[in-house]
Amino acid sequence: MPDSRTGTRRPRPEVATKLPRGTTARVVLASTRNAWADLTATFTITSWTLGWLGRIIAQVVFYALIGSLLGSPDRIRYLFIGSAVLATAMEALLVVSTTTRERYSGTLPLLVAAPTRLWPVLLGRSVQWLPSGVATATVALFVVGHAFGVSFTLGDGFAAFGVLLLVAVTTYGYGLALAAVVLRFMRLRNWATNLSYTVMMLVCGVMVPLTFWPPWVQWFAQIFPLTHDLQVIRLLESGTYTAREVLLHLGLSVLVALGWYTIGALLLERLVTTGRRDGTIEFAEA
Amino acid sequence: MTAATVESHGYGALAYLNGFLAGLERELRELRRSPDRLMALVTAPMLTLVFLAIMLHAGRDDLASFAVLAPALLVLWQMALQTSGDTVESERENGSLEALVVAPAPFPAVITGRITAVTAVSLLGFVESWVVAWLVFGVHVEIHHPSVFLGAVLTTGYATAGSAMALAALFVRTRAARAFQNSLTYPFYVLGGVMVPVSYLPDWLEPLTRLVFLSWSSDLMRAAVGPEPVPDVALHLVMIVLLGTVGAIIGGVLVRRALAEIRRTGTIGHA
Amino acid sequence: MTALRDVDLEIPEGEIHGLLGPNGAGKTTLCKILSTVLLPTSGRAEICGYDVVADTAAVRRLIGIVFGGERGLYTRLTARGNLQFWASLYGLSGAQAQLRVTTLLERLGLEQRADVRVETFSRGMKQRLHLARGLIGDPQVLILDEPTTGMDPVAAQEFRHLVRGLRAEGRTVLITTHDMAEAEAICDRVTLIDNGSILATERPSTLGTWITRYARVRADGVPPERVSSVTAALEALSGVAAVRESAPGTLVVDTAADGAAPEVLRLLLELGITDVATTRPDLAEVYLQVIGKRGMRVD
């Protein structure tokens, strides 16, 4: 079987290298089951509600209170909406932490050696944080928000919920690309997530409008899908918007996210090829 | 398993000192080894920018000092939580938690040593916030009552160490240390008036906030920065020290209980 | 640094081939190359005639990888969940996947615990699940990297039995280990590897000879006044390489010839020393004794 310099060739068995149609989709789906198992092993309904949701609500309230320090109901609403929606993005960023576990748990080499590509596996692997992130922000925006003057009409509320889903899905794309980088440089694991998160908090119109910043920062903020999605939610809450501007922002968000998903998939495949070359895909990870 | 050991060693001053130094040294080594522990020192300046941006955007340059102080307090609490949680959790993963709790160097002393190291490092957070405010936004926060401020910082460091003791003991008793660690952040930032003074919270919350030493610390620090005379300095200092001590005592009692449990069962919780 | 050098090895189909060597010998590097997660800097490796570099896709369909220990499993999934996940990665779906998963669970005796989270499994059960996982793609070639690490003897025994069953199905197995006895127990042939080079490829019966030849006898409770006389008597036996007192009253006798160990035991009993035991030599010792003497050790 293995290495032989003699090169004597025997007839080799026929191997179907092409996988059946739909395998990629099934792999993504199988991975989402894995993701869901992770969530149910981490939280019970009670611990999610009391521990996780409670913590996120406290965080949103913490920032909204700054508005009351400033003595401005407008600022309270602005900060509340910003930090509530940020919570969804924050949870989507947990894709980095879940993805890097593949290295710690030693499954990465097995995934690499399997006949399918790596990206469909990791695409589905961390989706548990999407429903969780949407749920926390939903409770914050539509339930707790009332106490802070945040209100939606029924229709706009549903639309805003839809945009929250979009926040989760689009930021997940950014997180996936980030995770691909971190899988290569594991020491950056927590730094990458935390820095991304605070940068988003700073420049994406979460705490202060984009216009507060110099133009180059405003341009930079465009690379985060959150910037575009958050503007839509603010428009919906204000009740004064045109369909055109909403669709424009949503379109931009989707476009940016598609870019991130593509970058993420390419980086993951590159991780495999360079990893094979330099031996960084270890059987035993510390 | 080690009942004899537990009973034979008294917690003499020397044992405490040894444990304290061991913890201090261990933590300094950890800080050098794993950059993640210093993460809070990177997020602190970032948060300073966030808070300052909010103030400056609202035209409230007068509240800049709030924005500079808050991240440092946040970092202090976050690192104390992280260290006490990680200490307990990593020992548990090693299967050495029981050994640590009954080791000749008293557990409280080891924890205190580690927390002291962390607190000392976190105080850098104050310096960072101050520098970043000046560099990025040109905001210069002057400390009008430096001696009061210094007193507030020192007592706060002490209280942080004391509270971390209570936290560590809590983590010893429960397996869900990681989950707790995460949940004990923002609720405490709100109740501790870290950014917004607790007087802005609903009245019914006031008694609760006064049980959190951070609320006294943040009030005193903000007052020490401002130009007006600082009211009730002594009361604030006493309360900070008192609450820190209460934390340490609660921690001590809980650890002692854990010890008793080990004597009975040879393990802690359902490890 | 070169992890592997001048490795020339051919394993016929249907053989259980052991790769025996101490930690860091290059066993895992070889496994990584064969399982397509590492590219060799030079040289060629083929699985069933497919080149691991040029025909990666075909090789991946032909191989299964099995790790030892905790790594490589999704501990929060059930055993069935793990297998279903990997089945999808090997292009299986629907009834076909169900059938393969169920068959493997039954075959490896996991059907009772199929729907329990893996984190609650014993080491032996995890290892059986590892093997099931490795078999999910119905591979021609299985690569087992230290599969019995940390298993208790009974579980390891069971596991070896399962591995022998694979040969009966015509699969080729490459198994790495640093345990001579394990290699002896299940392999058709064994390759000794150290410092990235092949030292020798032997039949396990040869290993068996080494194990008995270099056995070590330990005697406890030798009265202090008799230590020197007993030592002298032992040293006089042919086949005894060395005698030393490892602790007061404890003698350790190294043998270096076939049938020497029983002679040592007999002599000790004759001398009235009954607290005796034989131990197997470890790999490092065999290396020093056998390979060192044959001048094949690469340092």
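The chains carry the letters A, B and C, assigned in the order they are written, with residues numbered from 1 in each.
We take it that a residue touches a chain if its C-beta (ideal position, glycine included) is under 8 Å from a C-beta of that chain, and two chains touch if they have at least 3 such contacts.
Quick caveat: nothing in here was measured; it's all calculated off a predicted structure.
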Next item on the list: Give me the chains shared as neighbours by chain A and chain B.
Entry: none
Next item on the list: Averaging each chain's C-alpha atoms to get its centre, pick out the one most distant from chain B.
Entry: C
Margin query: Taking the mean of each chain's Cα atoms, which chain ends up nearest the overall Cα mean?
Written below: A
Item checked: Rounded Å distance, chain A centre to chain B centre (Cα mean) -> 31
Check: Between chain B and chain C, what is the gap in Å from one C-alpha centre to the other?
Finding: 50
Check: Between chain A and chain C, what is the gap in Å from one C-alpha centre to the other?
Finding: 43
Next item on the list: Going by the contact rule at the top, pick out the chain C residues touching chain A in the complex.
Entry: 7-13, 28-40, 43-50, 57-58, 60-63, 65, 67, 70-78, 81, 84-91, 93, 117, 119, 133, 137, 140-141, 145, 172, 174
Notebook entry, point to check: Where on chain A is chain B touching in the complex?
Noted result: 47, 50-52, 54-55, 58-59, 61-62, 65-66, 68-70, 72, 75, 79, 187, 189-191, 194-195, 198-199, 201-202, 207-209, 212
Margin query: Under the stated contact criterion, what part of chain B meets chain A in this complex?
Written below: 35-36, 39, 42-43, 46-47, 49-51, 53-58, 60, 63, 66, 176, 179-180, 182-183, 185-187, 189-190, 195-197, 200-201
Checklist line | Residues on chain A engaged by chain C in the complex (per definition of touch) | finding: 1-7, 9-13, 15-17, 19-20, 22-23, 26-27, 29-31, 33-34, 37-38, 41, 105-107, 109-116, 121, 275-277, 279, 281, 283-285
